[in-house]
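In what comes next, subunit A is part of two complexes: it sits with subunit B in the first one and with subunit C in the second one.
So, the complex of A and B:
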């Protein structure tokens, strides 16, 4: 991803050393992908007629396009929540003592120490009709009837944001750590207040971390099959589940393959937008 | 820069700073700096000079004491309202902003319009002799050029005080001399009160009007370069500023202006007592600079054997081992053909004048 520094070392190791991994990728990544593509070019489930029918079907079907749109939107919402909540944590991390740093890192990494399934079920318990939030609000007399939190977009975004938070926070911590702390002092001594320092110095310089974090969070959020389907429930359909239904339930493999390819391209497009934005913001004045 | 406010005074009034751990960073520092002066804060690393600089800039709140700039006590002001310009050791240029944006940064923070900012940035870049660099990024400049930009950026806000933190440490020797001259020239032009933190004694002596020598958080001496070099008030100042030979001895007789010392190296010399009268029979350390020792032909002075001779360009340094086994350095100006002193030659040494030997009470 991110633009390579101009002075990247060109090592003189033989390319042969990359062969084992290349072979692995070829066998288990490139080959299945090609097979998927080949599959998607069939108009019927039996695989007898070639054509772009599956793609045409997807792209002319409002329902399918709706699923794609809501999935991409979900990714954007989760990424935004992670960025807004994760940045202050990363910022705090760079300004506290080593003891607090350990605690912050522990809190950030904690979600990774439990299985996604367990964490997702925990969210069901928290967000449910008789869950912790509703019970608390009701006993405080703030609401009379339980709020619908589970099986809503809000619930899915919150649950996903918690699950994906480390993917945002860790790159941000790294990026903020690379910023020379003298720059803060320099900005301040030149008369800038903390907001100006943040928007003119800290934020632009942490952009590589922001972009890395957003890319990771986004990609992870839109493909999070388990969390999406358990917290989202039956009413909300996102691309991974749509794909699963077509492939597994309806046995419509060519259409499932076409969905996969379209989804892949859509994600690649979003990721390259992130990367381009990053390059534009850093490259002003020539890199 | 005729309209620049000519330097305001800076008073460091009984400033003490204690780290949260309880240890003292600086203790009871008093400096009375006149407007337009260049002051060097000189000391080894860890002596508290950078802490003092950060206190003056407002990045650290001192435990006790006051900082007064001009007529204002600035202790309650945050750094961005103190009008103090800082040049950091690593320059701390904003890597993502162009040179002219860097220089104009402080002006933008003051809400000055873009056209004025650009004009002012260009004027300052002309001043530091980098007229054609405005559109470049910091990383495209050499170390010396980056430093000029850092200087221009600090001067752009027309600060009351200019603070330079080890500004020349990262430059190679020739460039360092150029930049020292440059900074001094800019300081003369702008008349701004300037404080340079340095561990380099030559830099302190050559650039500053007055030098404050710090050691372990204490102010050892605050005086002109010649005060500090020729009339050091403490043993630390004598050994840290310039090089010196430390020769242990015992006081034979002493009054306020002169003391007769019997050196362990085996002779009696007259030295200047420093830091009050010396008591007879007390142990002292006599400091004589290598360039204040001479070879003598008669029986005065003390005996020694020449070890190594190091030709250092303009001077030659001889290492002489004295009778008590300690080494003494003698520096001679190289005038005309050098007289070769053979390894192992027996010589006698004496200070050029009694006032050039300083006797300090020996510390335990």
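So, the complex of A and C:
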């Protein structure tokens, strides 16, 4: 028994097990993105002439910049709505018994797993001219003619907020669950009111969850192609549809590639801002 | 006096938070309920509340062969993508779960990046590469593309399950003379199985529902269900789609209920 290889760590596995997936990603994820980048650096659709023409075109074209701006703004609006609505859910979750907790989680989880087309379709039914909101307002005599809710920015924001809500709520529930409830009691017994305790103790301590939720919600909201195009209609153009039109309808691959790269960089920039904020907030919490 | 003010203040806080939470929960659940109700309409429009109730659109759905064909394609691609994701993802999760070196953290970020990067950009990129190397779009390219965007769910859930595993269990097993493979089969796998199943379930659902990758990587003959539905909705508001949505919602509820039993899905996603 003395010959047992005691030095060998039996609790971990070799890195070789990651090789198949790493190779798969190299071939089918990294290589395509590099090829996308390579093509975006060409001025002609055949990909023969090098140049920054596609990027110059995008960055000097008010229309393209407008699409980028409205996409980033849409993400911010959806994230804000999700945070304001999602935080109270996470707060309520910590306050109810285990049975209700499971019900809340399942309610939150269900839309995450329901088809996005189905969820978006539901909003068309709700926001449409004969939809619930218009029917209710008309039967109450508040309005005479149906309101235009579908194909508006408001419609897109509310539909996207519902579609992405689980991505915000789940990290918040996790973060709030990690806060020592004694801190809450201590703050209250030291004379701080509930509102003050919430904004000065609970909210700062839950920042890692807030940031994780915001990152996921933002990234998902700006790329949510189906909801954007069905609820927004033809009038509103956001980056994913712009990209798709250029690539598919117009077959302008280099420009579509440049749009993709700019869009990727925008997403990465937002994610890294959130990640940096997250690191700062954790440092703050530990101090 | 101040005590009374404080309780009023506490009450106002609790009231505001509870009311917003309830409104938010209603907003989350309402769309699915509305679709379910509308799908049983007897009329020809998506008017709510429906003028009457019937199963006519479910009968219509029964005969909608285009939707059946698309559903079958989506199901086959989702099953293959999930299978591939589990094989590749679980192996990778085992490798990166207990190591904190820079290279494992980089690999972890790489494997997770499809979750935040715009899938439509990836779909376009994959199409460009496949056409460059002369691989025509087919169910195979669909499975490859779907696997890239689905494997993160398997990796994440398996890593989380492995993190809960007591290392002493593996040590005891080794001390008692079990080989690594035997320990894996008899100790590790049974303990992480719920995590793998939960990850596979989410991967399957997200593949079945994927539009952005399928949009670029399918061939004309391979119609996918969510794309078919999307294009139907762009054209006309067909009540058959409401019936199909009803079926999908009920199937999701049933699957989530089963998964909750088998894997404790709800706890898994909040820890």
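The rule is simple: the second predicted complex is superposed on the first by the 265 of 287 C-alpha atoms of A that agree within 3 Å, B and C clash if a C-alpha of one lies under 4 Å from a C-alpha of the other, contacts with A are read in each partner's own complex, and residues count from 1 in each chain.
By definition in this document, a residue touches a chain if its C-beta (ideal position, glycine included) is under 8 Å from a C-beta of that chain, and two chains touch if they have at least 3 such contacts.
All values reported here derive from a predicted model rather than from experimental measurement.
Asker: For the overlay on subunit A, clash or fit between subunit B and subunit C?
Answerer: Verdict on subunit A: subunit B and subunit C fit.
Asker: By residue count, which of the two partners contacts subunit A more extensively, subunit B or subunit C?
Answerer: C
Asker: Once the structures are superposed on A, label A:201 by its partner contacts, choosing first (subunit B), second (subunit C), both or neither.
Answerer: first
Asker: Please work out whether A:94 is in contact with subunit B alone, subunit C alone, both, or neither, and reply first, second, both or neither.
Answerer: After superposing on A, A:94 lies clear of both subunit B and subunit C.
Asker: I'd like to know which partner A:185 touches here: subunit B for first, subunit C for second, both or neither.
Answerer: Touch partner of A:185: subunit B, not subunit C.
Asker: With the two complexes superposed on chain A, say which partner A:193 touches: subunit B (first), subunit C (second), both, or neither.
Answerer: Both partners, subunit B and subunit C.
Asker: Figure out whether A:271 sits in contact with subunit B (first) or subunit C (second), or with both, or with neither.
Answerer: second
Asker: Tell me which partner A:54 touches in the superposition: subunit B (first), subunit C (second), both or neither.
Answerer: In the superposition, A:54 touches no partner, neither subunit B nor subunit C.
Asker: Have a look at where A:135 lands relative to subunit B and subunit C in the superposition and call it first, second, both or neither.
Answerer: After superposition on chain A, A:135 lies in contact with subunit C alone.
Asker: With the two structures laid over each other on chain A, which partner does A:217 touch: subunit B (first), subunit C (second), both, or neither?
Answerer: In the superposed model, A:217 contacts neither subunit B nor subunit C.
Asker: Between subunit B and subunit C, what minimal C-alpha to C-alpha distance in angstrom results from the superposition?
Answerer: For subunit B and subunit C in the superposition, the minimum C-alpha gap reads 5 Å.
Asker: State which residues of subunit A lie in both footprints, the one left by subunit B and the one left by subunit C.
Answerer: On subunit A, the overlap between the subunit B and subunit C contacts is residues 188, 193.
Asker: Could you please specify the touching residues of subunit B with respect to subunit A in the complex?
Answerer: Touching subunit A: residues 57-59, 78-86, 88, 90, 92-96, 98, 105-106, 109-110, 135-137, 153-154, 156-157 of subunit B.
Asker: Within their complex, state which residues of subunit C touch subunit A.
Answerer: 6, 9-10, 12-14, 17-18, 20-25, 27-32, 34-35, 38, 45-49, 87-89, 91-92, 94-99, 103-104, 107, 110-111, 113-122, 124-126, 128-129, 132, 144-145, 147-148, 151, 155, 167, 170-171, 173-174, 180, 183, 202, 205, 208-209, 211-212, 215-216, 226, 229-230, 233-234, 237, 241-242, 245, 248-249, 252-253, 255-256, 260, 265-266, 269-271
Asker: So in the complex, the part of subunit A that touches subunit B is made up of which residues?
Answerer: Against subunit B, subunit A makes touches at 180, 182-183, 185-193, 196, 200-201, 204-205, 282, 285-286.
Asker: Which residues of subunit A touch subunit C in the complex?
Answerer: Interface residues on the subunit A side: 10-18, 20-22, 24-25, 28-33, 35-36, 39, 84-86, 88-89, 91-92, 102, 104-111, 113-126, 128, 130-132, 135, 158, 161-162, 165-166, 170, 173-174, 177, 188, 193-195, 198, 215-216, 219, 222-223, 225-226, 229-230, 239-240, 243-244, 247-248, 253, 256-257, 260-261, 263-264, 267-268, 271.
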